[in-house]
Each structure stands twice: as structure tokens, then as C-alpha cells.
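Following this line, the structures themselves.
The same chain A turns up in both complexes below, where it pairs with chain B and then with chain C.
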Partner chain A sequence: MPDVAIAGFAQAPNVRETPGTTNGVEMLVPIFAEVFEQTGLSKQDIGFWCSGSSDYLAGRAFSFIAAVDAIGAFPPIHESHVEMDAAWALYEAWLKIKMGEVETALVYGFGKSSAGELRRVLALQLDPYVVTPLWPDSVSIAGIQARMGLEAGLWSEKDLAEVAARGTEKDVSELLDTPYFADPLRRHDIAPITDGAAVVILSTVERARDIVEHPAVLTGIEHRVDSPVLGARDLTRSPSTEIAAKALDLDGVDLAELHAPFTHQELILRSALGLGEHVKINPSGGALAANPMFSAGLARIGEAAARIHRGESRKAVAHATSGPALQQNLVAVLEAR
Partner chain B sequence: MTKQLTAVLGTGQTHHRAKRTDVSMPGLLREAIDRAMADAQVDWADIDAVVLGKAPDLFEGVMMPELFLADALGANGKPLLRVHTAGSVGGSTALVAASLVQSGVHRRVLTVAYEKQSESNAMWGLSILPPFQMPVGAGAGGYFAPHVRSYIRRSGAPEHIGAIVAAKDRRNGALNPYAHLRQADITVESVQASQMLWDPIRYDETCPSSDGACAMVLGDEAAGDAVEGGAAWIHATAMRTEPTTFAGRDQVNPQAGRDAAAALWAEAGIKDPLSEVDVAEIYVPFSWFEPMWLENLGFAAEGEGWKVTEAGETAIGGQLPVNPSGGVLSSNPIGASGMLRFSEAAKQVMGRAGDYQVDGARVALGHAYGGGSQYFSMWVVGAAKPR
Partner chain C sequence: MGVTETPLAAPLNVGFDYTRSTGPVLGRFVNALREHRIEGIRGSDGRVHVPPVEYDPVTAEQLTEFVPVATEGTVVSWSWCAAPLDGQPLSRPFAWALVRLDGADTAMLHAVDSGSPQNIHSGQRVRVRWAEDAVGHIRDIAYFLPVDAEDTTPTEPAPPVADREEGAPVSVVITPVHLRYQHSASPEESRYLRGLAEGKLIGQRCPACRKVYIPPRGACPTDGVPTTDEVELADTGIVTTFCIVNVPFLGQRLKPPYVAAYILLDGADIAFLHLVLGCDAKDVKMGMRVRAAWKPRDEWWTSLENISHFEPTGEPDAAYETFAHHL
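Then we have the complex of A and B:
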């Protein structure tokens, strides 16, 4: 089985609202060009294409088909799509290289959160018979999760503000003086609503050495899902992340890119992954700085890989999440080898 | 080549109906999954990962339904993937599940695809007009009718070919206890007498709209070896995509389909598909797509596919029985329709196709397409391990 590495990464500007169509595929054209220029590859060099996006975000069926136009997919291409964050598309592409079917793959994710009212759209991910009819929105569900941790003494509102303030000019006590947005969450605890897209080039390690001086070798990738029943699992933990982490070698990790759209979720993830104080968390700013739906998870992997490419990390862990209250989680380990 | 041998260990499907109001979505899925797991003689502890496929979320009104279905899918604590590649999704989902075994990552994988259109309104789901795109406003039949007219003009096929296909597939469906439409008494004449919907496609030449699901358990070589009576071994897989519209695109005989077929036959070591393949389950939602896909897949030269159909060679007992299960014309739970083609191909080479079993079937094709004839996925399965 060939080893796989990340050889390139690009992302669209993360903005509150783009002017394009509701599916947001216009964001892809410039970043395809950017990643091809960066890697010296062209469309014809790509053995497999895989993407992640959501029809509900775009508000229309078959929204991903428009992305095939952004590629300019003729002659025809070997291509697939997941209705998930593109981190899981990267997993599918990793399989294709592992099984020896292709040498290179291009993975992309895109989403225009501004096309609808995100909090309400995400309520449609819940059980359609007994939960969605109550319209619990995504911020309120995260608020319940944060409240449970507060009441269990696992974290304080100050702990959450410290997560938000890290790497910024923000002052923790000033943050704590701001009003609640959805008690116990304040604005700084909640990821912004972001339009965005990201692209990653994967290849065999051998091929990656021709493209980039320090390829980010994907030495492990695991993902798991938890029960959707919010009352049936301990929301203050992330069992699926814990199981995924157990199957990986996280020893010696110096950097983590965590897809935590809420401050308390970063604390849950750090604990689930067993990350100590010496691990640099989210130097990119993470999802609290930009949370482009369906590409934020892929971007975590890309951001971690880019730091290995630049020699800023020797071993990094990247994480992606999907679903309400960290229901589904993917963990990838990247190494400079 | 580092691909690990992979086999279908068992299959299952629901009874397909216009409205399965007797079950919820989890209930519908479990009907197919429980049958597939019983057929494969596996228990939940044997399943390493789950791969779910379906067509647009708007068809049921649930965003990423695999999330709320995780309990019913037995996926808690396991890897769960969700595939969506338009109408070809049932086939693509099977191929993603296969890649989990072919890559050596897992030993046994459960894969399932479904559609439960009665939960929502598919016509509404399809009718949201995106900006800057030409509205079709005619559903799938209206979209594909010009392609069929073009095929007839280019090939010079006589008018009754479509009716031959429809009568054959519906009669085959009558042999399949799970089929939505089971019309043992249908004839070429009665099809030709049915209402014209989108000229030249008549009512009886059109797929139904069904609630239904299909599931399969795939496994590695050791798991395949343990299957009583023999597993269905995957010999080759292929997927190709091209854009919906561009100047000079051949929508009747799309290059993506031709490229996928060429890659498929090359990997399977098949030089003459018509004589080397024993049975084919081809995605035929409107009758005329049988001769069109026979040509696109390389079973017949361009313009000659209708002659294979007219000669009766695609009926059970012919040289290449096509859709002995009744095909999409007899059952069409959209997201599952592709996986049904893949699983029916597997059932044939496992000798588990019951009343529509093709005698001596050793090599079978499963085929799916989607979008505006632009997404293709296919596999070849065999009773013997690939050479």
C-alpha cells in the first residue's frame, strides 16, 4: 500500500458573504488555479477528484453538479462527491491512492453559508420526526452542550473566553463583560458565518517529493460517528473523537488544527485527543476565525499540512467535525518525513 | 496493482412501492439492511464501517440524513460515509464501500442506498430554479426525450423498439417479488397504446417513482471465501463524470460513459463484452435507454444497439439478458436504483436471483448513470475470482 502525502493547499477568502450564486462554486475557479500554480500540476495530472458540499446550504438539489463546470471536466474525469465536509472527501481520495488506483487526487469543499439562515438550515440535520419540528437551532444546541460542561465543573465561562482570546488582541475580562448571545454562549464563543472554499492536492509520497520539499505525510486518518440522540450521549465528551484518536499515534504532535465552531468544543476536543500544554492549537485561528461550511474541516488539514510544508511543524494533528454538538469527527495525523 | 480482492457477501432490498407509509426512513433502511446481513450471514460486530448513498436531501426534506440515521445504521462508534453523485449514486456508493476493502482498510463493510420520496415532494425538490441556468420545467422525461428522438434519428431505429424494452422489463419485474410494478400481461401493443407523455416516450415506457432501499455487505478475500455457494467477486470498477452542457457535447452517446466502459472492460480483461458478459443490469429509466446504453457500453456498435434489442437478445434466454430483475422501469427508488443494479448483478453470479436467474451466469455488469447523462459508475462481478 503506497503512503499518501499532502502536496498542495489553497483556500478562498473567508468572508461573511460572497456575491455569487447560492452554491458558491465561483469561489473554486481561482483556488484551482492557485493550487495548480503552487504545485506545477495541471488538470490532466489529477487521477481522481472528490468534493464535499451540501444541497441544503445552496437551497437546491444537485448543487454540486455546477462544480464540474468550475473544473472544466472535459475530457471526462474520475470523480466523486460526499454530502459532508470535504475532509471526508479527502478520506475517499486517500482510499483511492492507497488501493493503487490513482497517484494523485484533488479534493475540494465549498459552501455559501450566507445563502440561507444557517442556524435554521442546520436544524434540518436533526431527527425529522421528533426533533426538527421543534426547530432547535445549531447555536442553541451548542449552548446546551456548553451549559452541561459548566454545570459539571468541566470548564468556566472564563475558560471559554480564554480560548476565544488566544492569538488575538482580545482581553478576557472585556470579553466576559459582553452580553450573552445564547446563554451561556457569548458572541466570541461562536464561529462566524462564513462563505468559503478550500482545495487540497493529495498524492503518493513519492510523487509529492517532486512537488514540495517537505511533503506532509498522512500517517493516519480515522473517523467515527456518535448517536444522533442528544439525550442519549454524554455531550461533554466526544466519544467518536476518542475512538478515532485511540486508533492513531498522536505521540509527539507539536501542532493541532481543530475544527471547533464553539469555544467549549475546542476544550472537549483537546481532552479527547489528549493534547498537552506544549501543543500549539489552531495557529490559523481555527473555525472561530472562519467557519466556511463543508470546507472548514478540509481547511484544518490543509492548514496543518501547509505548516509542515514550511517547516514550522514536524508532526501535526488535524480534525474535522460534522453534525450537531460534535456528532461526527475525523482525525488525521500529518508528519514531515 | 495493490488492490485487495473484494467480494459481495450478501444483498438485500425492500419491497418497493410508490408510498411506503408503513415504515419510517430508519424502518425502510433496516428492512434492506437486515435482509442483506442475513443473506451475508454477518452480525453487527462483523461490520467495520457503513457507507450510505442517496440522491438529493431535498427529496425527503432532511439535511444529511445519515446523521440522524446513525443509530439505525448500526454506525455508532464506527466510520460512516455519505455519498451523493446524482442518479448514479447507488453505484458510486457501492464503489466507495468497495474501496474501503480494496484499500485494505477494512474487512467487512455495510453499504446501503435509499430514497423515500413520499416523505417530501421530489417535484418541489427539483423545481427550485437556480439563477443563470435554463429551466427544463419538464422533469426527467422531458429532459431526456430530445436525447431519445436524436437517437432514433441517428440510428434509424424503428418506433417499436422502446415498447419491446418496456414490455420485457415489466414482464421480468413480474418475476421479482420486490418489484414495484409487476405486469406479467403487458405486451408491446399495450405499451404502444399507452398515453404519450414526452414524445416519443409513452407512459408505460417510463420508470415509476418508488420508496425503497437496497443494501449489500462487502468483504475481503477471506470473507468472500467463506460464502456458501460462492461470493460475487469484484473484477473491475469505473466512474467518470463530464459537465452537463458544453458546445459539441454528445448527449446521446456521452464520452464519460464510453470512457468508463473502456476502463472497465480493460480492468476486467474483457475484449468482447457481448460474448463475455452473461447478464447486465443497466440503468434504463426510459425504455429507449437500453439500446442507447448498449452502444455506449460497447455491447453493440454505434447505431446497432436497437438490433440486439429487436432480436430478443436482451430478454432472459437471449445472448445478453438485460435487467432480468425488471430494472429501473419496474422499481425506481432513485438513490437506491443504482445499487439495485449493482446488487442484482451480484445476485446473478451468486445464483441467488430466484425466478429471474439467468442460467450459467458467471460474469455480470452493474451500471448506473445520473445527472444529465453525465455521471457514470459501473462494476463487473464474477462467480470466480479475477485472474
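Then we have the complex of A and C:
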């Protein structure tokens, strides 16, 4: 089976609210053009297209179909979609190349989180019989998770503020003086609401060498899921991430891009992946800087790959999450080879 | 082309009552709730799951041993909800909590009406506050209260109930889902909709393939680039293809039979769907020449509804070869 590499990455400006449509066309058209210019490829060179988005975010059925217009999908293309973060669309594209069906694939994700009430919309991903009917919002559920770790002594509010302050001008003690938003979470513990989109081009390593000087070779990719029953699992750990990591070789990783929409979740992930002090965490700012739904996970993989392309990392791990309280997790290892 | 105009946006409210059959496990759980009892289920490892799960989360074994548990329990963890959202268990500030009921090994997510974050802590003892009307639904538990607190008044109504035979157990739960969005039209669609408000039909040309689209588009589906050069189109055209609607449906505005047709305006390269009235349904033909019948000017707004329908002009039909590539 051929090895697969990431050959290109682009993302739309991450903003609190775009005036654009919920089908993402206005965000996608410019980043498709950007990634084609970057790679020297055109749409005729792409063997497979796969996207990630959500109709619940858009408030309309089949919203991803309108997004296909941004491709210019005539003559007809080989296309697929996941109703998940586009990191899982990347997994599907990786399989297509591995199986020898195609040599190149373009993966994109988009979402206009600002169109609805995001944390309420996310209640619809919960158990439809005994949980969703109560409308627990994503921030409240994360708050319960954060408190379990605080009370178990696994992290402190100061540890959380330090995660929020890293790489920013923010002062930890000033952050700790701010009021709770959803006790025990403060605003800095919670990812912002972001509209955005991202695109990644994958290809066989052989093909990628013609496109980019340092292809980011995808040497491993695994995803696992935990029980949807929030009260039946240990929320202070991420067993699915731990199991995914066990199936991968993370030795020598120098950089990690983690999809943690809450500060405490980054600490859970660092522990689940066994990342030491020497690993640079989220140089992009991560989901706490910008959390475009359905593309933030893909963007973690793209950000890690871009640093390998630029020679800033030799081996990176990228992570994407989906569902409440880190329920489902994907881990990818990228190497400069 | 009016690039400085803000795209049009409007509220979009969607709602649907999700109706789900319960099956034997959740059915037993909700029927017990109706009688103010709580039943869990024993997992493969001996743990008692509340609410009950149909299959063991670890072994995937089908579970069948129901275990009654108490209506009192202990807060495992919590977070404070200072500004409740629509549909949540209380409209006044409350705590979300994982509550482990006595006799259970897993915790359930629900609300605790503690009044303030100072009055709740992990390890706290709480009891069920039952809803005024128990209907066989997770919301029969209105919320939890600190075990020694006085009853408080529920703020939320009971969920809807599915019809069933007298005396029959609950086998369906209904959860109304209402979501509010701000729906935005694209800049190109906004130009078109604003044109309609003035009685104009505004298309745009794709800069790559030169085709004229009405409505104009954020991306030409062939070339993936936004349409640009504006083209004002006539309100005349042809029927490319059509169907005769004979079937009544919910929300139908016209009495069947009537004709829904693809209309290709003169000068446009893509047809859109509209009504053809003003003649007998059986007289509509492919290639028929039609003209827009506009509503009175004082009813115009940013909508294609300004055109009530299209009607025959009486001119000779277009030859099939002239529109075959649109089919």
C-alpha cells in the first residue's frame, strides 16, 4: 500500500461571525484557490473529494450539497461527506489513497457556528432519549468534567489559566480574577465561537515530493470512541485517545496540535498522549484561539503538516475530537521523511 | 454591482417533534418514572446503570436484569448554569450535575435546583423533584433538590404525549426540538432578491464559462468561481420541462391539478422552478412560451413570490433542439 502525505493546507480567516451563507461557499472558494496555487494542482488533478460539516449547524438539510458548488463539480467528481469534523473526512481520504483507488484527495471542512446558538445546538449530539430532552449545553457538560479533575487534584484553576495564557499576552493572575462563566469555567477556559473553513490536500508520498519540498508523511492515523453515557465513564481521562495513541509510534514527537475546546481538555489529552515537557503544544493557538466547528480538527492536522513543510518540525502529532467531553478522538502522526 | 450592500439575512426558526419508540429497556424506565419509580439495569460487570442501557458499554452484551434504585442520591460533579437556555429543566439559574442514585453505580445527568452555586457541592445529597404531570419521559424528573430543601415550583411544561390505547404502557417518547438561526443569503443572491423588490429579474454571468445564472451564485457549479457581470433579464421565457401536480399535500396553496415547471428566461442559461397557470394543465407543453404574472406592486418584497405564476403568451412554441441541452 502506498504511503500518504499531506501536500497542502489552507484555512479561511477564523472570525466570530461571517456575513456569508451557511453552505460555506464564500469561505471555501478563496481557500480552494489558495491551496491550488500553493500546490500547483488544479481540480482536474484531484482524485477524491471529501468534506465534513453539519446540517444542525446550518439549520437546513443537505447543506453540504450547496458547498460542492465551490468545487466547480462538473464534469462530475468522486465525492463523499461526513457529518463530523473533517478530520474524519481526511481519514476516509487516507483510506482511498491507501487502497490505491486514487493518488490525490482534497479534504475540506466548514461551519458557520454563529448562525445558531452553538452550545444549544450541540445538545443534539447527545443521547436522544434521556439526555438531549434536557438540553444540556456543551459548556455545562465541560464544566462538570473540569470540576471532576479539579476536585481529584489532577489540575488546578491556575493550571487551566496557564493553558489559556500560553502564547498570548494574557496574565494568569488577571485571568484568575475574572468571574466564572459556568462555574468552574471562566471565559478563557472556553473556546470562542468561530466561523471558518479549512482544506487539506493529501497524496501518495511519491506525488507529494513533486508538490512540496518536505512532505508531511502520515505515518499513522487512528480513531476511537468512548461510551456516549457521560455518567458511566471516567471523564478525567480520555481512554479513546489513550487507545488510539497506543496503536501509534509517538516516540520523538516534537510538536503537538491538540483539538481541545476547553483548557482542561488539553491537559487530559497531553496526559493521554504521554506528551513530555519538550513537546511544543499548539503553536497555532489551538481551538482556544479559534474553534471553527467541523474544520478545527482538520486544521490541527493541517497546522502540524504546515510546520513540517516549513522545516519547523520533524515529527508532529495532531488530534481531533468530536462529541461531548472528548467522546471521540482521532490521532495522526506526521513525519518529515 | 452593489458590492457595498450588506447581504440579506433573516431569522430562520425550525421545529420538529422528534417521536421515538422506546423498546423494552427504555420503555420500562419511562413507565416506571410515570409511577415515580426509577429502575436501572445490571451490566456485565455487575455495575447498575441508571438510566438503563440496552447493551453493556464494555462487552456489548444485551442487558435484561432490571434493578430498582432510590430516588435520592449523591452529586458526583456539577457546573453552574447562570443563564438557562430554552428547553432546559429550569428557567431560573440552576446546577447541571451528575447524580449517582443510591443503588446505582453510574451517574445520570440532570438539573439541581439549589438556588445558588453556594448551595451545591460534590458529595451533596439530593432527591428527585417529580414533575406535576408524569407522562413517561425523562422529564418526569423535573429536577433534583438538596435532600432537606423545601419543594420548589417547576418552571417547564410536560412534554407532549403520543396517542395510545387506554391502559397501554408508554411506548413512544416525544421531544420537541426548536432551533433558531439567522439565515444569510449570499451577496449574489442578495443582489437578485433586492432586484425582485423593484420588479427586476437580475442574473449574473460566470466569468469563466460565460453562462448566465438566475439566481446568481456564490460559485458557478462548473467553474467554482462567483458569478459577476450583472444581466437584467426579461420576464418572458419558455417551459423546458414540467409536471402536473395531482396529489394533495400539507401546506399546499393551490387546488390540484396544477403545473409546476422549469422556466428558462430569455437570455438565461439555467431554468428555475415556478408555476404555470392561466391555461388548462393538460395544455402545457415543453417549449411553451410564457410570461411572468406579477402581483400588484404594493405586495412586492425581496422574494420570487412577487411573480404569482407564469402564463402562456400564445406565441409559437420553441423548437425542442433549442432547449434540449437544458433537460
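By our rule, the second predicted complex is superposed on the first by the 337 of 337 C-alpha atoms of A that agree within 3 Å, B and C clash if a C-alpha of one lies under 4 Å from a C-alpha of the other, contacts with A are read in each partner's own complex, and residues count from 1 in each chain.
Simple rule for what comes next: contacts are C-beta pairs under 8 Å (C-beta built on N, C-alpha and C of every residue); 3 or more make two chains touch, one makes a residue touch a chain.
Bear in mind the structure is a predicted one, so any value in this text is a computation, not a measurement.
**Student:** Quick one: is A:147 in contact with chain B, with chain C, with both, or with neither? Answer first, second, both or neither.
**Tutor:** second
**Student:** Tell me which partner A:177 touches in the superposition: chain B (first), chain C (second), both or neither.
**Tutor:** neither
**Student:** In the superposed arrangement, which partner chain does A:92 touch: chain B (first), chain C (second), both, or neither?
**Tutor:** first
**Student:** Look at A:19 in the shared chain and tell me whether it touches chain B only, chain C only, both, or neither; answer first, second, both or neither.
**Tutor:** After superposition on chain A, A:19 lies in contact with chain C alone.
**Student:** After superposition on the shared chain, which partner residues are touched by A:81: those of chain B (first), chain C (second), both, or neither?
**Tutor:** Only chain B is touched by A:81; chain C is not.
**Student:** Which partner does A:128 contact after superposing on A: first (chain B), second (chain C), both, neither?
**Tutor:** After superposing on A, A:128 lies in contact with both chain B and chain C.
**Student:** Touch test for A:69: chain B only (first), chain C only (second), both, or neither?
**Tutor:** both
**Student:** Once the shared chain is lined up, is A:59 touching chain B (first), chain C (second), both, or neither of them?
**Tutor:** both
**Student:** Touch check for A:222: first (chain B), second (chain C), both, or neither?
**Tutor:** After superposition on chain A, A:222 lies in contact with chain B alone.
**Student:** Show which residues of chain A both chain B and chain C reach, each in its own complex.
**Tutor:** Residues 21-23, 56, 59-60, 68-69, 72-74, 121, 124, 128-129, 131-132, 227, 229 of chain A touch both chain B and chain C.
**Student:** Under the stated contact criterion, what part of chain A meets chain B in this complex?
**Tutor:** Spelled out, the residues of chain A in touch with chain B are 1-2, 21-23, 49, 54-56, 59-66, 68-69, 72-84, 88, 91-92, 95-96, 98-101, 121-122, 124-129, 131-132, 222-229, 239-240, 243, 322-324, 327-328.
**Student:** Enumerate the contact residues on chain A facing chain C in the complex.
**Tutor:** Against chain C, chain A makes touches at 19-23, 25-26, 28-29, 32, 43, 56, 58-60, 68-74, 112, 114-117, 119-121, 124, 128-137, 139-148, 151, 180-185, 227, 229-233, 235.
**Student:** Which part of chain B faces chain A closely enough to touch in the complex?
**Tutor:** Counting only chain B, the residues touching chain A are 1-4, 24-25, 55-71, 75-86, 92, 95-96, 99-100, 102-105, 119, 125-126, 128, 130-132, 239-244, 246, 249, 254-256, 259-260, 371, 374.
**Student:** In the complex, go through chain C and note every residue touching chain A.
**Tutor:** 6-7, 9, 12, 14, 18, 20, 22, 26, 29, 47, 49, 51, 53, 57, 76-82, 85-89, 96-98, 100, 106-111, 117, 122, 137-139, 159, 173, 175, 177, 179-187, 189, 217-226
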